[in-house]
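Look at the two complexes coming up: chain A is in both, with chain B in one and chain C in the other.
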Partner chain A sequence: MSKPTGDQAPLLQQPFLQHHFHSAAQQEASAKLGMWLFLAQELVFFGGIFLAYGAVRYFYPETMLSAHEHLSVPMGALNTAVLITSSLTMALAVHAAQRGALRALRRNLLLTVALAGAFLVVKYVEYAHKFHDGLLAGNYLTAHGMLDDDQGARLQQAFRLRASPEQVHFRFDARYPVTREALLRAFGAHKMPVRAITRADAALTVSEPQLAHARAFNGALDDPAVWGSQAGSNTFAVTFAGKPHIFFGLYFAMTALHGLHVLIGMLLLGWVWRRAGRGDFSRAYFTPVENVGLYWHLVDLIWIFLFPLLYLVR
Partner chain B sequence: MTTAGSTTSASGAAPAPVGPPSAAAAAPPSYLAAQRGILSWLFTLDHKRIGVMYLVSVLTFFFIGGLLAVVLRLELMTAKGDLLSADVYNKLFTLHGAIMIFVFIIPSIPASLGNILLPLMIGAKDVAFPRLNLLSYWIYLVGSIFLLYSILAGAMDTGWTFYTPYSTQTGTAVISATLGVFILGFSSILTGLNFIVTIHKLRAPGLTWMRLPLFLWATYATAIIQVLATPVLAITLLLLVAERVLGIGIFDPAMGGDPVLYQHFFWFYSHPAVYIMILPAFGIISEIISVHSRKPIFGYRAIAFSSLAIALLSFLVWGHHMFVSGQSELAGMLFSFLTFTVAVPTAIKVFSWVATLYKGSIQLTTAMLYALVFLFTFTIGGLTGLFLGSLTTDIHLHDTYFVVAHFHYVMMGGTVVAFLGGLHHWWPKFTGRMFSERWGRLGAALVFIGFNGTFFPQFILGAQGMPRRYHSYNLVAPDQLPLFELLHRLSSLGSHVLTIAFLIMAGYLLHSLFLGQRAPANPWGGATLEWQTASPPPTQNFVDDPVCSHGPYDFSDDPPATSAAAG
Partner chain C sequence: MSEHISKGAALDTNVAATAHAITPLRVYLGVFAALLALTGVTVGLSYADIGPGALYLALFVALIKAGLVVGYFMHLKQDARFHQLIFFRSGAVLVFMFAFTFIDLVSRPAIVAEQGTLVLGQEREQVAFEAELRQRLSAAKAAAQPTASPGPSAAAPAATPTSAALATAPVSDASPSPEAGATAPRPGGADAGTPAARSR
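Moving on, here comes the complex of A and B:
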């Protein structure tokens, strides 16, 4: 397509120039501005969920404090280090593009993709752990994994033996009472007739380490109203103060949204890597590298906020 | 403005103003005739074709949403619920609202008229990101399909606001509908992003910010809201879906959540969204009033910057939807005060338009009639907003027909009327055909009568205590029943007049497509760049790259160029 050149020299050397732009500079400035606007809307998008986090933390500070202890700080810290390193390799990739060093560009892009993959692997391990423990969002929070297999069996035993007929009839399998409503829902799902649920329903015997775990999970377990006169004994009531189901709901919503952005980032990095191999980029034109770089830095930045907010609550 | 081809100046011609490009050289085919076949439309990168696809889509949804409204009005002709069951009524008004808001009115002006006009008005060949533009149309289609699918899946009965906790509990198709709206949001964001970059980077030489047509200032302000508010809707709807599917409990009081938090989230987007709907309408009115009264716009800068001021203020007033939702009194007072401040830039615009008309040579064309209707109905809509923005009166008027009337005076009497005005104003440019002015004026008059007939009685109904969203009202206030029934019937009657007006409009516009007179390049004597190219424009918009030499409403040295019709 013939290009109107204005007062510029013929643009035969610029195959990347789209027909509706007058100059490479105009095209580049447009792409950059577009990317910054996109990042702005990303910030507002994540800003929304950070706001939700703020509201929940304001409503239930004790929930945040107790529930967050079930996130693995070493894993989170490892992932933070991984992402910061990937930001560095990304910056190196852009720098290589500026110099026209295509080999270094491709190498650094690959490194960035690899680090992004490492982040997702660590995240997968964390998620698997949460699924195993039943520390899930909303209705799916069962916390059954807080017991080891042996204890779990004993827990079920205890329920079968100790629950008196006028209280509840159910087999305790993997459902862990959270709120009365969630409990009712859970039992409904198991087709168990429920007459009444009181704190006593869930009384059971557990070992000392299990007790410590439960204390850590739920600060309110020290509340005499929950413990009754048996405080300090081996009996505890499976009643949560606070709203851990909301905490884990937010944890999964925030990290999954961020993880999705990491995944999209990997695809974009792969696309730029391929284009670099095809010879699309030169010192004169590497806007896509820069824009993907901007996106990647934003994804890193969001994690820098997610990590302390979720893992390091004080 | 003139088009001075930079390539012709290279060949030695003086940079004299060239009207429409000389028809002597083989004129390039128009964008409509350039290619044929459905695929040439669905995969086009031409902003004009994408705009036309948007136009056809939004008009289709306007038709569906309007049909639903007519059925609702039929039900309300009698106090008893005898035509529809309560459930069906709830679903129909929800669908009417959701369709009108999310797939008609939000994309209506920016994505259809804006898409076609923006590059033309700044003398560019296309928007900055043509592929993104096409992508946003496809996303719009996918989102609409989700929304339509929810109708097949049993529809939803939450109202278009999807308030929790009801929306997390009702057994109706909330998820597909909210996902549809979520997807539509991306389309809106991408359109806004594209427009901002286009206006910043692709303006023709000489087209400074202070020469930007006011329609584009309005589009620019709208685009800012689209980019910065819509993401909040996206996250809100995701949280709503998570609440419904997983029960994360953040909005459900039974699980420790807060339903008012949902309302904060929802209105943080949805209040600015009403400015996404109305700001482009302001832009159209500025264009029409200036061109059809052949007078430079009064207060160009004031109008331009008041658009930006409204965009900014729109982010600060969302709480006025929650005066009776249990938000703190202090918050209520602040939101009430901030809401009142929006009236200032809005009034600046209305005064400027009226001042433009003063001593102008007003031509009562169809487009101008719509602009005048707008001045009348929008002013009523705006002023009744003050009743609702005041804390005390709002407690009485909240959730009554007064709100319904106010909203429709602003959205239909404002946005839709301006949209129709713009459609008529630029119809010759888009299609290359003139419609029948006589039928057009008749349509405008019937819209005026039908609109006021439909919605004015609703102000009285609301003030008398008729609640909104009721499918029968024989038990609401038995002593007032005759009055309620009379007013409801008047309103329904008005809706029938509106129906006739729209049928007439569809008739003469379709007629003009096939049998209308060929349109000249500049039928109304406009001074902005889109009138300096052929009607309809070629794919590349301009034969020679335009250069802008004066402001958008400088009619002094540009007599209406009706003679030089190209094509």
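Moving on, here comes the complex of A and C:
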């Protein structure tokens, strides 16, 4: 072997070699083995949630097709490009470490952190939009952002009752005339298919079992006071077609889990950047750079699958 | 004993020798360009209407991209065989996980048909059932008044009292559904026209 590896350097010049390892090469092999085992675990970890996605998509293909329209393809594509570029800068960082170019190493690590931050900023903009429109997971999906401007201005409350979780109740200013047809049009215009709309105000007189049900959960929305005040108000119960709340549940679970990995990646990159500045790394030893790089590429890898599955469903 | 040591040493040198071979810069740039181009291809394909094969095509492109990232950015192509084994065995676990889950999911409708219970495909069958009901209802209406034009209830047929009650009362749900009363519009309520269909 012509390259100077840790093995050939005298022991005193290997301050990075921990005492419980036989040699620098063994230390590196152990670290890498551990990293690959961790990555293998990550694959299966994310695989579970991809499997959930597959099952939901199998049972509710229409839901996937209609609900994904609310995701912005340009934003997703931009984030894909950002992550791929960050993977390149990470690879260049490792490349620099291999050549012992410490300044290039630090510069590329910094670039990678910056791109990771850019990814999270785009993600924040997307999330903010979803929150604003009420396109959220499970019981939190109200989709009130799909109402037209007039309806939105007069909307007083959009909520779900746990007793009828399939329906979203929209309560409008009592003086404002809202019709079922106008609501249907508004949701239709925003590609939010509706299965049923009923006026809920007249029907929301509470029966004894319903009251018992509401008391059992005792959530704020199930407060009998809320139920009682429905009478005479301008309330509609909307049942959306398909399972948009499950799509957005998957969307947030998958992207937030991935986003958490990005955040952890940024911390790890910062840690490696600091160690590089401290002079911990040399051509003979840069295993942490390599391992953080492996982690970062896996984050990119997962996004490569998330992007077409969530944003580009056809 | 000595055999073990020599094996360990072999692993050491193997890892050190393979992992430190420096990938030329142009390889990284080439992989980067390919990844961007393939992203463009996926986005472009999603706008083209190519039917149900689109999902598999998108996944195929994603697999190529994944291969490029793993092979070149993560250096797995020139890494130790043992690392390759670990990574691809994880992939194999995923394949089995998906295969067996989908064998179950796909075969469920047959089981459901045999046992007469609805498990997960419930929603779909319910929708089909409702559609049939709606059709019968409108047929009966048409027979009763042959000159009448389709009213607002035909524009929003899903909101007829029958189907609204159905939508909130799952066929196989054993528990009493407390919301049924809350959703069905009362006769004489704001939904003009539809309660008449029920009383007839």
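Criterion: the second predicted complex is superposed on the first by the 216 of 314 C-alpha atoms of A that agree within 3 Å, B and C clash if a C-alpha of one lies under 4 Å from a C-alpha of the other, contacts with A are read in each partner's own complex, and residues count from 1 in each chain.
Convention: contacts are C-beta pairs under 8 Å (C-beta built on N, C-alpha and C of every residue); 3 or more make two chains touch, one makes a residue touch a chain.
Since this is a predicted model, take the numbers as computed values, not measurements.
> In the overlay, answer first, second, both or neither for which of chain B and chain C A:H245 touches.
Touch partner of A:H245: chain B, not chain C.
> Between chain B and chain C, whom does A:A91 touch in the aligned arrangement: first, second, both, or neither?
second
> Have a look and say if chain B or chain C is in touch with more residues of chain A.
Larger number of chain A residues touched: C.
> Should A:V44 be classified as contacting the first partner (chain B), the second (chain C), both, or neither?
both
> Does chain B (first) or chain C (second) touch A:E126, or do both, or does neither?
It touches nothing on chain B or chain C.
> Going by the contact rule set out at the top, does A:D300 touch chain B (first), chain C (second), both, or neither?
second
> Let me check the overlay on chain A: which residues of chain A are in contact with chain B and also with chain C?
6-7, 26, 29, 33, 37, 40-41, 44, 47-48, 51, 55, 59-60, 181, 243
> Quick check on the complex: what are the chain C residues that touch chain A?
Of all residues in chain C, those touching chain A are 8, 11-13, 15-17, 19-20, 22-23, 25, 28-29, 31-32, 35-36, 39, 42-43, 45-46, 49-50, 54-55, 58-59, 61-62, 65-66, 69-70, 72-74, 79-80, 82-83, 86-87, 89-91, 93-94, 97-98, 101-102, 105-106, 120-121, 123-124, 152, 155-156, 158-159, 163-164, 167-168, 176, 178-179, 181-186, 189-191.
> List the residues on chain B that touch chain A in their complex, please.
Chain B reaches chain A through residues 6-7, 124-126, 128-130, 132, 189, 193-194, 196-198, 200-202, 227-232, 234-236, 238-239, 242-243, 246-250, 254-258, 261, 265, 545.
> Applying the document's contact rule, which stretches of chain A touch chain B when the two form their complex?
4, 6-7, 18-21, 26, 29-30, 33-34, 37-38, 40-42, 44-49, 51-52, 55-56, 59-60, 137-140, 179, 181-182, 185, 243, 245-246, 248-250, 253, 257
> Name, in rising order, each residue of chain A that touches chain C in their complex.
Counting only chain A, the residues touching chain C are 1, 3, 5-7, 22-23, 25-26, 28-29, 32-33, 36-37, 39-41, 43-44, 47-48, 51, 54-55, 58-60, 73, 77, 80-81, 84-85, 87-88, 90-92, 95, 98-99, 161, 163-164, 166-167, 180-181, 184, 194-204, 207, 209-210, 213, 237, 239, 243, 290, 293-294, 297-298, 300-301, 304-305, 307-309, 311-314.
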